[in-house]
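All chains are identified by letter, namely A, B, C, D and E, in their written order; residue positions are counted from 1 within each chain.
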Amino acid sequence: MNTLIITALILAFLGIAYQTGSSRSRALAGTSGRRLHSRPSYHGSAIAIWTLVPLLLVLGAWALLDSYVIRTFITWYLPESLVAEGGNALRASIARVEALATGYGVVGEVQEFERTAAQAVGRFQTTAFLIVVAAATTLAALGLFYARKRITPQFRARNEVEGAVRLLLLACSVVAILTTFGIVASLLTEAMRFFSFVNPLDFFFGTVWNPRFSTTGAGGGGEYGLIPLLWGTIQITIIAILTAVPIGLMAAVYLSQYAKPRVRSVVKPLIEVLAGIPTIVYGFFALVTVGPFLASFGDAIGVDIRATSALTAGIVMGVMIIPFISSLSDDIIRQVPTAMRDGSLGLGATKSETIRRVILPAALPGIVGAILLAVSRAIGETMIVVLAAGNSPVLRFNPFEPTSTITVSIVNQLTGDSDFAGPQSLVAFALGLTLFVLTLVLNVGALYIVRRFREQYD
Amino acid sequence: MANLDSTTTASAGTAVTAEERRQRVKKSLGARHRKERLFHGLGITAVVLALGFVGILFYDVLQRGLPAFQQAQVTVDVYFDPEIIELGERPVQAAGQSPADYRAALNAWLRDAALANWNLVLETSIRNIVPEFQGSAREIAAIIDSSQRFVIRDAFTNDPSLLGQTREFALLASANADNWLKGTIDRSLPDARQQLSADARALADDLLERGEIRFAFASHLFTNVDSRSAPASAGLAGAFMGSLYMMLIVIVLAVPIGVASAVYLEEFAPKNRLTDVIEITINNLAAVPSIVFGLLGAAVFINYFRLPLSAPLVGGLVLTLMTLPTIIIATRSSLRAVPPSLRQAALGLGASRTQMVFHHVLPITYPGILTAAIIGVAQALGETAPLLLIGMNAFVANIPSSPMDQASALPVQIYLWQGNENRNFFEARTSAAIIVLLGLMLSLNAIAIFLRSRLEKRK
Amino acid sequence: MNFPHAELTPNAEQASDHGAAELAQRSVRVRASDVSVFYGAKQALFDVSVDIPDRAVTAFIGPSGCGKSTFLRCINRMNDTIEGARVGGKIELDGEDIYDPSLDVVELRARVGMVFQKPNPFPKSIFENVAYGPRIHGLIRTKADAEEVVVSSLRKAGLFNEVKDRLHEPGTGLSGGQQQRLCIARAIAVGPEVILMDEPCSALDPIATAIIEELIDELRENYTIIIVTHSMQQAARVSQKTAFFHLGNLVEEGPTDKIFTNPEDKRTQDYITGRFG
Amino acid sequence: MNFPHAELTPNAEQASDHGAAELAQRSVRVRASDVSVFYGAKQALFDVSVDIPDRAVTAFIGPSGCGKSTFLRCINRMNDTIEGARVGGKIELDGEDIYDPSLDVVELRARVGMVFQKPNPFPKSIFENVAYGPRIHGLIRTKADAEEVVVSSLRKAGLFNEVKDRLHEPGTGLSGGQQQRLCIARAIAVGPEVILMDEPCSALDPIATAIIEELIDELRENYTIIIVTHSMQQAARVSQKTAFFHLGNLVEEGPTDKIFTNPEDKRTQDYITGRFG
Amino acid sequence: QSRDTIQIAGSSTVLPFASIVAEEFSAAFPDFGTPVVGSGGSSGGLRQFCEGVGENTIDIANSSRRIRAGEVEACNTAGVEDIREIQIGYDGIVFATSVDQGDFALEPQHVFMAIAAQVPQDGEMVANPYTNWSEIDASLPDQAIALAIPASNHGTREVFEERVVLPGCEAAELPEMSEEEMEAACLAFRQDVVVEIAGDYTETLARLQSNPATVGVFGLSFYDQNRDTLKVATVSGVEPSLETIASGDYPVSRPLFFYVKGEHIGVIPGIEEYVQFFLSDQMAGAGGALEAAGMIPAPAEETAAVLEAFEGGEALTVESLGAE
């Protein structure tokens, strides 16, 4: 009902405002004989903006305050003893009153004060709603009249509407910044709490990761050295890159330089399917298929490869990021001016010589940018490593052995059974922050490289 | 000029004569062409490898998951024995009765119905089929999925007139019986290592032989919600709907916001520090591990904005933030591909920048934007980690009817099932869930490709 | 070796009808005073001052990179769209400073239309291509209005007969010359006072070029036209006034026949005699 | 209006030294017979037959889109790199059919070098740009070899003095004219017999153009040069033989001074007198 | 409209039991929605539990360990003061190998000798020299040592250390040293043969399949469901089973809990009923549904006491925790 009225209100104002704007501007154009600066529809939209913004502001404010006001109102009708006591009982009786007021009814005896309160609330809600609607209507009407008065043939309604559109677009792109702020803020306080338990130096330079389960309760216990996790992350990322770069790059080269357009149009989306597969599926694939395969392969050639190891996780992660590298590189390689390619072919170079010596070097900065994006993606990947790397946060250099990464430790520490108020789980936030900074540095680097690359052609 | 000429000819001549040069070029050719073929071969290998991974992945998942789409079902004539089901009339709402009071009365009746011995109803019905079976009630219960008693109960509460009647039901066999009959568990193992007792196994075999147990398409996989107590009846409906809601939210929020930011950055933003910061921020967000978005979601949407726990709404919002960078980056690159001549044509005619963007640039970028949206939504659809922190990695036994209801999601369901101890049974189910997820993803892609070709044709 | 140009240039002959005297009669439509343009730190144009006469064709010639396009783009402020471009000096259209902050650039561009080197029709139907401009400027309301504008513009651009049966097919499906005429029709449809053309024929074949040149000759009855061209022959054929640019400077300007027969500056002479360029 | 070209073209004068008689003495280096080219279904060249004389500059002129570049690219089979391009007819280099399947296109391109319209140095150092060709063809083995080839090629291209101090800086940092000379040096370094140039000066300013033209004049002592140009003046200045293309047909060919003073075909006449193009 | 389903989160060990109860609860109480049971570990559950009071916080946190004093403090500062502790039963922890391997009759000492980084030899601590179980004790199979133990984020790890490693360490008679050094020496594991599993038991199982010689640590219910591939080891001569664990004969088990937010009782419908239903005989009691699912029921009188304390509104405080 209320939503219906409000929707009707909004639609009515929208229609009236728009109509006013467009017809008035048209009429003015007719009488004054001057050409309108903006088309009537812009005048209409401008007025609609002036009308709807105050309207929505009032309604929005009410939506935020509504329940708080009603609850406060109910407490006036409740016995003082109950209000003074507060807590559960109060909340429960407020809920009962609200249930009565909405006509939903409650189970059991209805007390007198509850009944009166409910009736009062019913009346109050109606009045409050009417007041809000009246206020919204008045403001909207004021906005409408103000905007209407401004209409002249010269009035730049289009510029105003476009200004509003631009503002909206800007607001959208600021979401990314807000998200970043949000992330930093939500990580920082908790990370600081962690550092009140553990010396940052021990964290950043420690070589042992063993956030032991403290049997004695909160606090203390364990070592929180970042280095093994960092190394694990780097190791897996390197393996992933070693898997993905040759395959991805060669695929990109093939698709952009050798393949017929038809082949390309089929193969490219097929490879891109790899990017859309949920990481958990990769995790499984690693755990039940790739890992055992690598282990038995290792047996066959006499190398001890563990089923879950840096190698397993790295290879599967590499498969996942192949399309990142192949698709991006494909685009970048195709951006290399054909003049460059023709120059080399014209000198008598073979296709592969041209690719290796001219095209790839020319596209290199862009490819590096693509790889860096893939790297950050690999660094941030969790699920594959959780399932495939074997969770062994020990500083080891053999890729056939299990390892662990920062992201895995974040998940483990955050979702395990350890004390959430203790360093065992707070460390996750410090790890998150570290990772954030790590990828930030990578991305600034990527941006720098991409910038330089762009300058090269023009 | 002549001077320069003679010296240069001489210097060129010192190294090689034309003929000699030609010979040298000829000599190097063999090796160069071999390298060329090798390089070409490497390219093909790379493509084949990449496609091979796609193929293996699909083969692997299909091969594991397909059996789960078949399930053993027992056809039973159930007699609603009034002796066992001792229940009064189903209450009706009296005039003037408050809705709350009516609900209380109805609930009391339903609770009584719940407490009736439905297992016994089932047991007698089974014994009617195999009168010679001498085993205990336990054995019979062991081969019927424990949720099935609710199936007949619900049939009864919906239609109390069934009392004293007989009706045929196709009941799900239990997970263990299904394993046994399908042979996913080694039939030669000794009793101690079997999940079913010898009697129960014999009963299952007997029923199969009589044709009372048949393998049927496991449609409940799509209509039921998850279940812990009755594994065989566990389905994906709840998770599927949860994922669907989140997808809708991502489409409704992330796509417009992402496209709007991309448009702003590419078409309007002055090149200044702020734009640089936004650009780096966006690229960086693309790399932030997804679980961090979960932390953010918990802090912002749940603790600050007080949105409900486990709700697809919150999940959708978190995934929106997570996929925004992907959509922005992809959209920007397709905006960049719009030829400048088109922009100039519009501006030259006196279109404003906004008009240029909305009338000319965006319409021809639709296919690219569509691709961007698909990539983003696909990423959101497959994400698990951030849902962990906003209560969505939960066991939810309801199909959500709105984005504010508690729900699970497909990848979460996969995660929960893969950890289920009834491994023989859930191994296939997990893969089946993956197949459903991949199916959703591929149909999304197919729709995109279809739309894209339509849009491109329209041009 | 002798170039037999003089004997074989009937168009040039015809062009010379509009001599200095005739030009002087015409009012000045666009007046540029001391226009300088910078791209970032690089100065592309140095204190250019020139008057553009009404209802005549003015040609800008000069070697590549001399700033012809840059100057042309100043006249409808298309340079605003280039990151880092700054314009100094003053350009007046009918006595109004077009760089006045209170002036709406959109309005300006409606008055000063532009046709580009490469035909760039919108990927829409022929009809929509032409109707677009009038529509955004609020010049048409009804469908009939639109039809009228489209037909008359296409007619003026000499394209109507060729496309009348396929007005609703995409404009991108036309041949190069047709596309360029479509672009001219599109520009005309807005009802501009000045039309700027930046090498409008350089992507066209000779036959299409000839048609466009004829069209320009007709259009000058109603519009002020400025054309940039790298072909001196073309300048001689179509223009009444010519301005010669070199390395960002306006070296010489004047009636076309004077510039081509009796240039004052050594550089102009060198250029038109083919010593460079 | 009179074009004072004839009086003001000393280069053209000089070019006319190489008359028909002189050309006839030279042996034929490249002979094309009935060459047709198709891009997909579209035929871009129709039965072109022409002989290219040794150690002379042959110019291809004609309006835009007439197939000059297409024909040029046939001569070192650069058309092979274009999807859907098919070549019919026969082209012989020193009597050898270059479309013979047994012929190695890599070897051919080492013998027939190419310089493009827009200077396209590789994003490598100047030194590497020049050494690239000889290196891939196995012509240089030692560092000293490389240095010798690079220096002598840069000298021949008249660039050495300008860049000798920065041989290891990127070639993309040079000015347009220098870049184009670098591309010429790069082509020379492989020791080609024929050099193809597709509008090598169209992106350059007049001064750079003059330098390149001078260079071409020097190079023809040792190389067979074919140049595509849209500037008749340039053709007149640098070439000894000229071929005029129109709409995919070779309309007329012959000694440059003949083509420019006494063309046989009406279309040639129209074109060189500026009636179109 | 306020939330009308109970929201639960926490330990993944308790998750299956809580899910079963949730399902049965909604079947038995049609007026309440099915509770939503989230996982995320005891820590994650308690973290959400202690975010504060209100609809957007959970009502119940499952935990496979007791809440810690620090967590109670954090709860209290966030306004959650009425924390009711419910102990629901025990989780048995077993050692198992692949079914085709030798029989293990483990003693705590064996495990310690296999797992420790350093072992005592002639009164000295030396780097662990054992590569084969039979080297530790002739009664053990002649099989390479490999162990898959829970990672330190698992509650099971604590039990494993407390009930197996530390007793084993004591029995191994380490040379004289300070208590701290002693604990460190006891709990320092070698990295070459030990794999720490951070995920769930399926991962441990996968590990056993890839290296069949591995001895893995599982929950009793998991072993029970996978008897076709797993073979259980006895500890101190006792075979793990519901009976031996409930009676306390089998040493390795841990209590399971959940914590109820008192403030939500009466606001969110059904919390009280849920707790009562959970502790009822048909669920947590002997022979109940949870026993069938692998939880070891607590003795009836213990359960009764817990329920009484809950209904009496007995809230947990930092002091009451510290007192133990």
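Heads up, the rule we're going with is that a contact is a pair of C-beta atoms (placed from the backbone, for glycine too) under 8 Å apart; a residue touches a chain by one contact, two chains touch by 3 or more.
All of these numbers come straight from a predicted model, not from anything done at the bench.
By the document's definition of touch, common neighbours of chain A and chain B comprise C, D, E. The chains touching chain B as well as chain C are A, D.
With centres computed as the average of Cα coordinates, no chain lies farther from chain A than D. More C-beta pairs in contact connect the chains of A-E than those of the other pair, out of A-D and A-E. With centres computed from Cα atoms alone, the innermost chain of the structure is A. Chain centres here are C-alpha means, and the one lying farthest from chain C is E. Mean C-alpha positions place chain B and chain D at a centre distance of 61 Å.
Per-chain Cα centroids separate chain A from chain C by 49 Å.
Note on chain placement: the centre of chain C and the centre of chain D lie 33 Å apart, centres being C-alpha means. Contact of a single residue of chain E with at least two other chains is seen at positions 39-40, 44, 199.
Counting only residues that touch two or more partner chains, chain D has 106-107, 110, 136-137. Of all residues in chain A, those that touch two or more other chains are 158-159, 348, 350, 353, 414-415.
Inter-chain contacts occur between A-B, A-C, A-D, A-E, B-C, B-D, B-E, C-D. Listing the residues of chain B that touch chain A in their complex gives 25, 32-33, 35-36, 38-40, 42-47, 49-51, 53-54, 56-57, 60-61, 98-101, 104, 256-258, 260-265, 268-269, 276-293, 295-296, 298-300, 321, 324-325, 328, 333, 352-354, 374-375, 378-379, 381-385, 388-389, 411, 414-415, 418, 430, 434, 437-438, 441-442, 445, 449. Chain contact summary for the complex, chain A toward chain B: residues 99, 103-107, 158-159, 162, 165-166, 168-170, 172-177, 179-180, 182-183, 185-187, 246-251, 253-255, 257-259, 267, 269-271, 273-281, 284-285, 289, 319, 322-323, 326, 331, 348, 350-353, 355-356, 373, 376-377, 379-383, 407, 410-411, 414-415, 429, 432, 435-436, 439-440, 442-444, 446-447.
Across the complex, chain C is touched by residues 1-9, 11-13, 15-16, 63-66, 202-207, 209-210, 231-233, 236-237, 246-247, 256-257, 260-261, 269, 271-277 of chain D. For chain E in complex with chain B, the touching residues are 3, 5, 7, 9, 12, 15-16, 18-20, 22-24, 26-31, 33-34, 36-40, 44, 48, 51-52, 54-58, 99, 199-202, 205, 219, 221-222, 224-228, 289, 293-294.
Chain A contributes residues 35-40, 156, 158-159 to its touches with chain C in the complex.
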